């Protein structure tokens, strides 16, 4: 019944190979783009078919073994796919948003010389993400895990002439690789722990079953889950390893939309969801996840306040929203986390694509006026709502959604998280405060962005002012669909308290339910507290919007005065709390110094020194002996007599 | 025919050299064509080995050949004793597979006395094949020394600037090691004869059955281990490798990296570890420490190189660190990981050296600063270089990952757990230096005017790279073709070492998953 | 009363003087003569001991020493003449053709 | 009485040996060498081996010394001696003293054993020393005697070859 599951990742792979090999020859953009989008759309259809079949099916977990991969002795790892409600949701998100973004990038990437290369990488990314999501055992997931890392490296470094692009690509891959180091350590320790209990497996289903072998709350399970969490922070850009995401904006905008907003960065959240059985058993790790998530949410929001590059703001908002998801995972609200993941995918993708269409328009105008201003800088935008009405409307809708205004998707998912962070047995009121503050700041900087780009008078250069066209339909259609989803998306998960059936939560019940009961994690508190908290969070959001409106629409000089008074604070926030410089100082440069020291110092001087030293000693010895043959007769005579004296002397005494 | 296969395969290149001598010196094309033909025929001869699935069933030696060679009463006896089993099978295939590629790659790289060059390559192939299939310790020693000579000439005559220093250093380094081994071999034989064990020759089977006292095993393992450690190269003894590689011609350094380095690890598996199992527990922690240091040290130093070939040389120090870690884990996963990583290293590092060779042929320089923006000029080259870079980093789905993952898993299971954690950091360092060099060479704008006129890979060069790419993905996606032939031999080897009173971590599959299977027997240290 | 030891001491002294002469003189002929002195001191010991022991071997041996001395004289002087012919001096320091 | 003679000749021998080594002019040292040989001959007589004394005088003083003086005169070495006619005095001195010390100690160490040999002074007196030597040489040491003759032949041929101007 689910035998065609393997088709889902297979289609994008075929598309990628086809474009990779023949793309250069076809040259026709429509054909390349068409094939790429078609392939992702096909996999979307198969995914939808499986999703709805699973919806109706009673048996929720289906495994499909394709072939045996590694079999040594009693270790048996094979290529296997796993479909359960969690992965069903994820494949719908990935393929759905993926198709829209592929359609969008046909128009957006028009005229690029590496057109075929772009679509080849995008399809390869889709394949890797689907492998990650559908992976039946940890190793197949790891293939997808590193595969998406590879594709993000390729796509960020798409404009490889630009030095900044290739450095950003390197940074992204290496930071991901550090995360993968954590994932690998967790994987190996888990495998060793289970194997020592006699269970030889990496298969998720078996891991879940034999989870009880490891005593819950123990050191072992905490170490395993912490390592996995390190992997998640690397991939989903949380506190320690988030520096690569803002630099990843070097890549084309569809890339940022697909990879750095909707799909790849959510891999960490998905992984925690996939292994919720283990995580639920380690309260210490859950608490660290919650704290890191909350801190990241708050911390990234502060940086987002002061950025001027439209994509940087969105990047930091993504980091902050991911902080929310991890907060949800940390406090045990697994289904809420995944729900926020889904809604975030919709409105963040719409925001990124909207910003892309703005940049596309400005780029077109500057190109037309032969200017070289930065199309991404918000300071020379403004008043574009008349020029790009559709982009404006969809952008506005998504901004409202992300700010958590009721009736929009963001509100339902974010509020659920905030409630759980307060009410859950694993939650803490401090986490709720962090979340709420971050929500306020999110509302502020999102509307600051909207007001600076679409409202106020037009600050673009005079010559290019009236050449900003509305983007072609291939760009606006995905925007509209995503805008719609941003609004509608929330209704499938309306919480019980607001009278909704919360079908999303029940749909994910079989995946998370067991772990929650076993470790009796639940959010409890009276309805009253829930309502008050909801009201407070909405109030904070509205206040944020009002401040933004005052500062950027009513009296545009206010921000300048603000910056004047808080120059130090502004400079710190603007320079991303100097995190990058800190990492360079603490990790990158010492590594280089150690490397050079080891090479110049140790390798060349010490080891080679020893080797050449022995050679030199032997040569010296040889030279020394040479002098004994001086050629003078009496030297030899003396030598002879000495010899005689010594020998006889030896015998006599 | 089957029972002479090994001898024919080994000595066919020698026959090739003989005929080669008659070809006129100035007719370069014919020389190269003929040598290529000889190496391809050798590959064809060795193919039945790969497809014969006797290896999947029994782990013992197959294609045995046994003739008495030198027999001086009971004082000294040595016989021509050949055989191949699961462990040496794929190394033999790797040798016969890499040599035609190397010859094809030096089509117009070498112009002065091509005949000598080709003769050296074929002699090298005979040496390597002989070493992998000889079961008599002394015969192994003869082939082991035979390999050094052509390599010395390859580096010494056709090398780079200070090739003499590199060639001499390479030769003395290895010779010192092998002399120690010779002493050990003689001592083993003398000890066996003296303790009344009827020894007819240096055959491995008899030597395995020998029960030497502990301190004898200790010193013998030290002697063998030291000689193989130089060849691997393990951490403190590795300085000959970067010099040898930077000075060697492309073909020389490809073969040096692809096969010669495996001699060391093969030596450990075939001779040092099974013959002296009791000495293992005392040496394993130390050697594992050295291999982990090798991984981290190799990667860190590779990061700071300004010469691509030296970078790749140090990276192979790191890769072989993984191999050794896997082998010293003394369990199935570790062994399999070590074995497959040997072959992966042969493929990915061999390919890397070919790539550096292509760049060197075009620009006659290996300094990274000289390049930049090559991707714009050579797109096909860029894609191939990228695939090989990711295979050498060990991206899942490529061959590197399978080897490294299994080696780490094996190490995790054995008593080397903490070593494995540090070794995993090598995964990060590998990504750093490989991507950094890839970025500095390929990406960015074309700054150096000479890079303008770089032309992309010719058909010949693509044909060289295709088989390597094929194996990169084949081992990555379906390594069972290789593992199925290795498993029985490895099980047998581990059992043998297990009996050597070393408490190997036995994994016993529980009858039913749920029950609490008896906790595993820990290594006794 | 003269005992064997007296003769021994005397020949030791002579031998030492001969060695000193050989080691220090630069003139080849004089070295030659000192060697003769050394040889004779040995002869003296031979005869003294042969008389002391009472058999004739010592004295016979002296004969052989003399033959050797004669042969050596002949060849040595021929050498010196040849040497003198092409180096025009008999000084030992000029004999440094043996330098490696 | 015999002791006085012994000491007298000993002193003369040592002095002349010393002067052989010391004189600047080779002629003087040659003459001193002759006196040394004569003293030795006297010693041989004192040791009841008159034949040896005679042979000593004939061979050494007569043949070899004449040859040496002949060569000195031939090469006209007399006056050409350079200012510094010795070198390495310190090393030579120490070494020769050590040689003296060692040789002396060497002779002292062992007791001259085996006094009971057949040849006693009365026997020499009765048969005559020459006959005894002749008997010993041509009976016990015949082969060495023949070899000695070959040695002399070789020496002669060598001398001729070396001193010829062009072969």
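A, B, C and D are the chain letters, set down in written order, and residue numbers restart from 1 in every chain.
Here is the rule we go by: contacts are C-beta pairs under 8 Å (C-beta built on N, C-alpha and C of every residue); 3 or more make two chains touch, one makes a residue touch a chain.
It should be emphasised that the depicted structure is a prediction, and the values quoted were computed from it without experimental measurement.
A.B. asks: With contacts counted as defined, which of the two, C-D or A-B, has more C-beta pairs across the interface?
C.D. replies: Taking the two pairs in turn, the one with more contacts turns out to be C-D.
A.B. asks: Take the average of all CA coordinates in subunit B, do the same for subunit D, and state the distance between these two points in whole angstrom.
C.D. replies: Using C-alpha averages as centres, the distance is 76 Å.
A.B. asks: Just curious, how far off is subunit D from subunit C if you go by their C-alpha centres, in Å?
C.D. replies: 7
A.B. asks: Quick one: subunit A and subunit B, Cα centre-to-centre, how many Å?
C.D. replies: 38
A.B. asks: Starting from the mean Cα coordinates of subunit B and subunit C, work out the distance between those two points in Å.
C.D. replies: Inter-chain centre distance comes to 70 Å.
A.B. asks: Residues touching two or more other chains, restricted to subunit B: which are they?
C.D. replies: If we look for residues of subunit B contacting two or more partner chains, we find none.
A.B. asks: In subunit D, which residues are in touch with two or more of the other chains?
C.D. replies: Within subunit D, residues 87-88, 91-92, 95, 99, 103 contact more than one other chain.
A.B. asks: Could you list the positions in subunit C whose residues touch two or more of the other chains?
C.D. replies: Residues 19, 23, 93.
A.B. asks: If you go through all the chains, which pairs of them touch?
C.D. replies: Every pair of chains in contact is listed here: A-B, A-C, A-D, C-D.
A.B. asks: Any idea which subunit A residues touch subunit B in the complex?
C.D. replies: Contacts found on subunit A: 24, 67-75, 139, 142-143, 145-147, 150, 153, 157, 160-161, 163, 165-167, 169-170, 173-174, 177-178, 180-181, 184-185, 188-189, 191-192, 195-200, 206, 209-210, 213, 591-592, 594-596, 598-599, 603, 607-608, 611.
A.B. asks: Can you list the residues on subunit D that touch subunit C in the complex?
C.D. replies: 2-3, 6, 10, 13-14, 17-18, 20-21, 26, 29-30, 33, 36-37, 40, 43-44, 46-49, 52, 55-56, 59-60, 63-64, 67-68, 71-72, 74-75, 77, 80-82, 84-89, 91-93, 95-97, 99-100, 103-104, 107-108, 112, 114-120, 132-133, 135-137, 140-141, 144, 148, 151-152, 154-156, 158-163, 165
A.B. asks: Within the complex, which stretch of subunit B touches subunit A?
C.D. replies: 169, 173, 236, 238-240, 242, 297, 300-301, 303-305, 332-333, 336, 373, 375-376, 379, 390, 395-397, 401-402, 405-406, 408-409, 412-413, 417, 420-421, 424-425, 427-428, 431-432, 435-436, 439, 442-445, 477-480, 483-484, 487, 490-491, 507-510, 513, 515-517, 519-520
A.B. asks: In their complex, what parts of subunit C are in touch with subunit D?
C.D. replies: Residues in contact with subunit D: 1-2, 4-10, 12-21, 23-27, 29-30, 32-34, 36-37, 40, 43-45, 47-57, 59-60, 62-64, 66-75, 77-82, 84-85, 89-91, 93.
A.B. asks: Which stretch or stretches of subunit C touch subunit A in the complex?
C.D. replies: Subunit C residues touching subunit A: 19, 22-23, 92-93, 95-100.
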